[in-house]
Every structure is written in structure tokens, then in C-alpha cells.
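The chains carry the letters A, B and C, assigned in the order they are written, with residues numbered from 1 in each.
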Amino acid sequence: MMRRFLLIATPYAWLLALFLVPFAIVLKISLSDVALARPPYVPQFSWEEGIGAFLSQLDLENFVFLTQDDLYWKAYLSSLRIAVMSTVLTLLVGYPVAYAMARAPQEWRPTLMMLVILPFWTSFLIRVYAWMGILSNEGYLNQFLLGIGAISEPLTILNTQVAVYIGIVYTYLPFMILPIYSALDRLDGSLIEAAEDLGCSRAQAFWLVTIPLSRPGIIAGCFLVFIPVLGEFVIPSLLGGSGTLMIGKVLWEEFFNNRDWPVASAVAVILLLILIVPIILFQRNQQKQAEAEQ
Amino acid sequence: MMRLSWFNTVSLTLGFAFLYIPMIILVIYSFNDSQLVTVWAGFSTRWYGELLQNEAFLNAAWVTLKVAVFSSTIATVLGTMAAYVLVRGGRFMGRTLFSGMIYAPLVMPEVITGLSLLLLFIGIGLDRGVLTIVLAHTTFSMCYVSVVVSSRLITFDKSLEEAALDLGCSQAEAFRLVTLPIIAPAVISGWLLAFTLSLDDLVIASFTAGPSATTLPIKIFSAVRLGVSPEINALSTLMIAIVTVGVITASLVSKRAMVRQQRDEQEAARAQ
Amino acid sequence: MGQPETAPRSATGEMPHAGVFEPWNDPAESPLIRFRNVTKRFGEFTAIDDLTLDIYEREFFALLGPSGCGKTTMMRMLAGFEAPTEGVIELSGQDIAPIPPNKRAVNMMFQSYALFPHLSVWENIAFGLRRDRMPKRDLEARVEEMLRLTRLDQFARRKPHQISGGQRQRVALARSLAKAPKLLLLDEPLGALDKKLRQDTQFELMDIQEKTGTTFVIVTHDQEEAMTVASRVAVMDNGRIIQADTPARIYESPSSVYVADFIGDVNIIQGRATPDGDEAYRVDWAQGQTPLTASSATRFEPGQACHLAIRPEKVTISSDRPADAANAVQGKVHDIAYLGNLSTYHVELPGGVIIKAQTANTRRLSRRSYTWEDTVWLSWTATAGVLLAG
């Protein structure tokens, strides 16, 4: 009995202390005011004044501020747009690759799988960094294009949103390929043959059978790209330049550069609220799939 | 055997070219003699030499390794416990909250996790350093471990544990002698995943690291912000090489084990 | 399906006499296991419903029933993985509820075999003995003995995935017998084997049970298997035991239509019983038809609804009315099923009732005597059928 209690209590307590409590703190600070103090916000909780006095000093001022300064809602909108666009782009690039993998000879598939997973184990930072050398004005891409005479002036790609899209598609591609591949891999080949036997053309069979049956994989892949991209920080700050506005970057700067903890916390709370809907949809999709498999 | 159509061949080629060309370029140019990264000036390993002289990088690498070993080990223990509780724990108070807390960090933006942990550490007056990074990394990577281990536990034949109990084991003995050896591959891959996540993490480490402890990704990030540098190319190449060797070895080992098992099973079936 | 292929080892007699193993008929014997008014509920669902049953030492007892009838729950309660909601289970007169599974002198052979994949055959068999801290010499001797008993000597070093299904089954048996339990539970032990191997293994199981003298309780949904191996069979349905008796009595004297129908093939004729002498009854079954005669030890009220159950092999088919038959009805051949050793004729009686009659094909290339649409006579003796309450 004691053992069972310890087994449950240890990870539970850890997560409560290091996951849930920190969120409560973020929420609390988002309702506080910035101040020139250490730590730089008021009110500080103290037992002498009591909980009532403490609560009465909390307000939604920071959230009001977020709506007034258009930097913030522009950043949210821009993050959403970039996340949606790059999810679509990743799907367009990832689906054909996943499809081709599932159609490849059986003995190639483990190798192809490993080739998709390998970048996932390599440092994210390094993979983003690799594109800096390629996309810069004197980078390899421009050298190549100038060399073959396709352009006469170097293209400015680095520090634009184009570079951000390239970076996102590149780093998140495995997350899109793997769930779609596993859905397509399970697809019974005789289904396509049956569809063709019943009068479908190749394209119709693909559209009417393959796509609907790989839909859980597509949905999972899209969420796996969309959710983390929305709060992405590394890619916009290395590839996006000052022109790319993304909420992860704003939060970072608000915290580290402006030392405005209450506003940074408010930004985090709003980001979380935006993410709750896709996260719940994602979980539901996963659950449905797990049930279907049983 | 089916053959790849023209379209599929093209998609595979382009897809994998896209995934690998940037890294291949990085590796090639790490052997470039020139200070200017994008201009080829002959083969040289001088940047590897300079890297090994760079005290700051070596220190950061050492901190990163320490953090990764500690956090992934603690995370594996906690994550395995959590997985066992989730799959076998039955009902207990606050189970929904518990499973929520296991899955939430997987989809949580790193900036939020980092910010919230930093605010906690400041709140309780914990000095930022190796300890705080280990705590932070353990927290999010234990969730990955528990997902990996629980997906193995779900397919685990429960009657194996019952057989152990039936043959005289206590619950703890049944876990140690039967369950753990069988789920060991999942536990090991959970540890590897936690280890890589820790090695890789920039954002959470940036929030929770103090001046006394800087990790390699933080170091790389601040160097890279100023632009491409040949030393970073050399460092990246080393990291890519280590991961590649590791992943290929692991997959060869598991493939060989699988082939052997299949062969044994076929032989056993034939012998019947 | 048909009769069990071998005669059960116990006689069908009602009286205990020397040399026959029938402890359940001996008032001096005390049972090894005793279920007393045991009920087990999972939430709303009642898996075991107020069940009382005695199982004796050295018995080979089969729990037989469709899936979901509660047979597995009974076994898991004996092993200690479930506790009864109400009632008491005793092992040698002791309530076993407070004893955890690892302390019970009961071992179980799992349906999936549950062989530890990371341990060799030898280590699997030694596993339980090691838990008892058995001295090394004794342990080795015991494992070797078990390997010999199950003819696994050459496979001791192999891992479970390196041996065949039949061998795995024997390892599971050896492992659960190694600790010399008072009671061995076998959960569908032959379910994973193909038909041929299953039949061979049935005899092996009986042999091992006899050699070791262990009490076996087997759970199965295969009636042929239960009839072959068991000294007594309990037919279960919906958490209750419908009938527990020797295979022969279960087959020849089922206590209900459910049991008659569950075990083997049977013809059921519905009718009304009227007493007609000592333990003899007249059964009116269809308008305008001669009543049937049957005997029964159970009493029926005049006019009480009843079912007459007759096994197809006890029905004789002939082209002319047999002169001296107690029961004879006329009908038309509706269907013929040729099974090789047997032929079954489905004969439609006036009023639409179909009666199956079975004949043994004792001669090769014999001319088939009856064909479709032939008018034939079916006959059986007064004691061939069993009269059951409706």
C-alpha cells in the first residue's frame, strides 16, 4: 500500500511542483504590475497583509495593454498566419514523400524510415543554422544561382519570411511525414485494387480511397507541426530578421530585453489560451485513432 | 515486387535531398580553410583544432553533458513510474489531472515552459545553474519517457506479471524480474530520447540557466546570432557525426535482433 | 461433433465401489476446494452468481461454458487475482481470501502461456522454485525432473521464441507444476494448438495429471476436450453451474435442455407428459400422432410441458416400421450429411419437426440405403430419450 502510494506520489508531486505551480505563478504575475524592484513586479505576496489584500491588487491591466498596443495582436496574427501557411506547405512537401515511402519496396522501408528519423535526433539549432549559410546574400544558394546565370543580382532571402517558411518546413518535415507514412503503410493495397476494379481511375482511387484513409495521419501531422510552430522562437530569430513578428520571439524579448515580467506572462497566458483549442482537437484525433485500432 | 513509379522516385529524391543537402553542405564547409565560411579555400581541419582550444565551448559542452546525463536518468525513473501508474495504476484521486500533466508538456511551447520554470525558481529563491537546468529538463523529458514506456506497457501481456505473482513473486519482484527486463528496450529508448532532448534544448535552458552555467546550445545560439562561423560548422559536424553513428548503430543492432528472432521463430515452427 | 472418443476413466455408476475414483460420491471424503455461495460482481455485471461447488483431491475438473459464462472468473478467484464479492472459497478447509496469489499453494497455466520471453526454458521452469529459495541441488534436480516429464530435455537452453507452439505449451505446464502445487489451474491450455496436436496433448495432460496426482481444474469452451480429459465436468452459463457431473452422465442424463443442447448433438421434441406407470410417461407431441413413451426418474405432473431429448445415434432409421420399437415415427428424408465415419439423416416429421438419425458407416462402399425425399421410419427405445422439464 505504501509502495503504491510512493509510486503514484513521486511523479505526481514532481509534476505538480514543476509544471502546475509554475503556471499558477505565470498566471499570477500576468495579473500583477511591473515595478522597479527585485523581482520586478508588485504585489508580492506576504502573510501579514493576507490573501484578500493581495488578491485585490491583481488586475487585468496587462491584458488590456496587450489589446491596445498593436505590436501584440499583430504578433499573434502573424504567428497564426505563419503557422497555418507553413503547416500547409509542410503537408504539400511531406505527403508525396510519405506516399512514395509507403509505395517503396518492403526492404527499403526501414532504411527510409531511419533517414526520416535521423534529422529528428540531430540538433534542431544546427539544422536551422545550416540554412543561414545557404540563404544569406553571399550564401551557397546565391552562389549557385549566380554561377549558372539564373540571376544577376543576389536574392535577399535570409531575414525574410520566406526564410522562416523554409526553416519551418525543413525542421518540421519529419513530424509530418511519420504519421502520414504510418497511416499509408497500414493501408491495404487490395483496397486500391478493389477501387480500380470497381471502375475508378488511378487518380479517382487515390482521391476516394487513399486520401480519406490517410486522413488521421494527415490530421496528426498537421497538429504536430502547427502547435509547436505557433510558439516557435529559434527559427524566426535566426532566419526571420527583425521584419518577422512571432509571438515566441515577442515573449522572449519582453522578458529578456524589456524585463517586463507581467506583460511577458500575459503574452504567455494568451498564447496558451490560443493553443488550447488545437491541443484538445489533436488529443481527440489521437484518441479516436487509438480506439479505431483496438 | 512492385517498382517505384516515376512520380514516387522524384518525390523521394527531392524530399531526401531537401532533408540532407543542408547538412551535407555544413559538413563539407566545416573542412574549409577560409575564415569566410561561404568561400571555398581548400581542405583543412584547422577549425576542429581551434574548436578543441576553445575553452568556453568545451566548458559549455561539459555542462551540457552533465545536465543531459542527470536529467535523462532522473526523467527515465520518473517517466517509467508515471507510465506504470498511468497504465497499471487503476483509479486514484486526481488521475485525470495526472495524465493531463503528463501530456501537456509535450505540446507546450518551450517559451512558456521556460518562462514558468524561471519564475518558479526565482520565486523560491533557487540560484540558477546546473541544478535548475536539470530540474527543468527532467520535467519535460520525463513526459516523453512516459509516453514511450506507456505505449510499450499497453501492449505488454498482463498475464506475464500474473504468472510471476502466481509463481511466488511479490509485486516488486514481479516488476524487477519480469516487467522491467521485458520493457527494457522501451526504457532505454526513452532514456536516449530524454538525453537528446536535453542536449538539444535551447529555449528552456536559456530561461533556467544562470551565469554560472551555460550549455552548448546557448553558446552556439549566441555565436550564431552574429552570423555563420567556421568553428560552429566544425562543432555542428561533430554533433551530426555522433548522432549519425549512434542512430545507425542502434538501428542495425535492433534490426539484427529482429532478423534473428524471425529466423528462430521460423525454425521453431518448422521443427514442430 | 459426437461422443467423446474414449470412455471416461470413471464409471457412470451411482454407487461408490472400490477401484473407481469417485470421491464426490463418498461422504467420508472432504473436498480440496469448496465454493460456498460465492458471488462475484464487476460493477453492475454479475460474473458469478451464488455458486456452490466442491472439488476433490486428484480430480481433473473441467469448467465448461461459452465465453462470458464466468468460468475464467472462477479460475482467477482460485489463483488469487480476483476476490469474491460475497461467499467463501476454501482450500483444504481454509478460507483463501486473505492469501495473496504469491502465497497460495495454487499454480496456474495461462491461456497465453505467459512464458517469460527473456528467460530460457530452464530458467522459466526454475522461476517459481527460485522464489521459494530452494537449495541449488534440489532446484536443479526438480527442473530436470520437470523437463523429463514434459519431454523438453533437449530444449532447456532455448528461449521461448525458439520453440514450437506445442513445446511452449509443455514449458508452461512444467513451470506451473514445478512447485508441486496442491491445485493446478489450466486456462484454455490447448486453445492455441491446432486440432491434431490438441488431441495428442489431451492424452499427455491426462497422463501427467495421473503421474503427479495433482488436482487439475481446467477451463475450456471445447466440450470434446472437457469430456475427454475430465473426471467431472461443470457446465456453466451466466455465472451459474447448470450441471456438474461425470462426462458420461452429462452426456447421457443431462439435467436440462441447455446442457443437452450444449454437449453434443441432440434432438428435442416438445410435448406434454402424462404418467403411465412406474417412472414411465406418455408424451403427446403432435396432433394426430401416436404418443411417444419415455422413462424418467424425475416426476412430471399430468399434462406438464416437457422436452424429450434424444441423441441422434440412438435413433434407428429403417424403410419399414420396426415391429417391436417402443417409439416409431414416419417422416421424409430432408437432408443427408456424410461425415465419413458417420452419416446423419435429417428426417422431417409431419408438422415440420426435424429429427436427426445417425448411422455408422461400418462398411466401405456400401450402397446408400436412403436418399432425399424417401419415406422412412425412425425408432428408438423407451429409455433412449431423456425427459426434461420445459
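We adopt the following convention: a residue touches a chain if its C-beta (ideal position, glycine included) is under 8 Å from a C-beta of that chain, and two chains touch if they have at least 3 such contacts.
Chain labels with UniProt names: A, B = Putrescine transport system permease protein; C = Spermidine/putrescine import ATP-binding protein PotA.
The shown structure was predicted, so the numbers you read here are calculated from the model rather than taken from an experiment.
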With centres defined as the mean of Cα atoms, the chain at greatest distance from chain A is chain C
What chain is most central when centres are computed from CA atoms?
B
Averaging only over C-alpha atoms, locate the centres of chain B and chain C and give their separation in whole Å.
55
In whole angstrom, the CA-centroid distance of chain A from chain B equals 18
For chain A versus chain C, what separation do you get between their C-alpha means, in angstrom?
61
For the complex, which residues does chain A have touching chain B?
3-4, 7-8, 10-12, 14-16, 18-23, 25-26, 29, 39, 93-94, 96-97, 99-101, 103-106, 110, 112, 114-119, 121-127, 129-134, 136, 138-140, 143, 170, 173-174, 177, 227-228, 230-234, 237-238, 248, 251-252, 255, 261, 264-265, 268, 271-272, 275, 279, 282-283
Provide the residue numbers of chain B that touch chain C in the complex, in ascending order.
157, 159-160, 162-170, 173, 177-178, 181-182, 261, 264-265, 267-269, 271-272
In the complex, chain C touches chain B at residues 79-81, 100-103, 106-108, 110-112, 114, 116-118, 127-128, 131-132, 159, 161-167, 175-176, 179, 197
Residue ranges of chain B in contact with chain A within the complex
1-5, 7-9, 11-12, 15-16, 18-20, 22-23, 25-26, 29, 37-39, 78-79, 81-82, 84-85, 89, 92, 94, 98, 101-105, 107-112, 115-117, 119-120, 122-123, 135-136, 138-139, 142, 146, 171-172, 196, 199-200, 202-203, 217, 220-221, 224-225, 227-228, 232-233, 236, 239-240, 243-244, 246-248, 251, 255
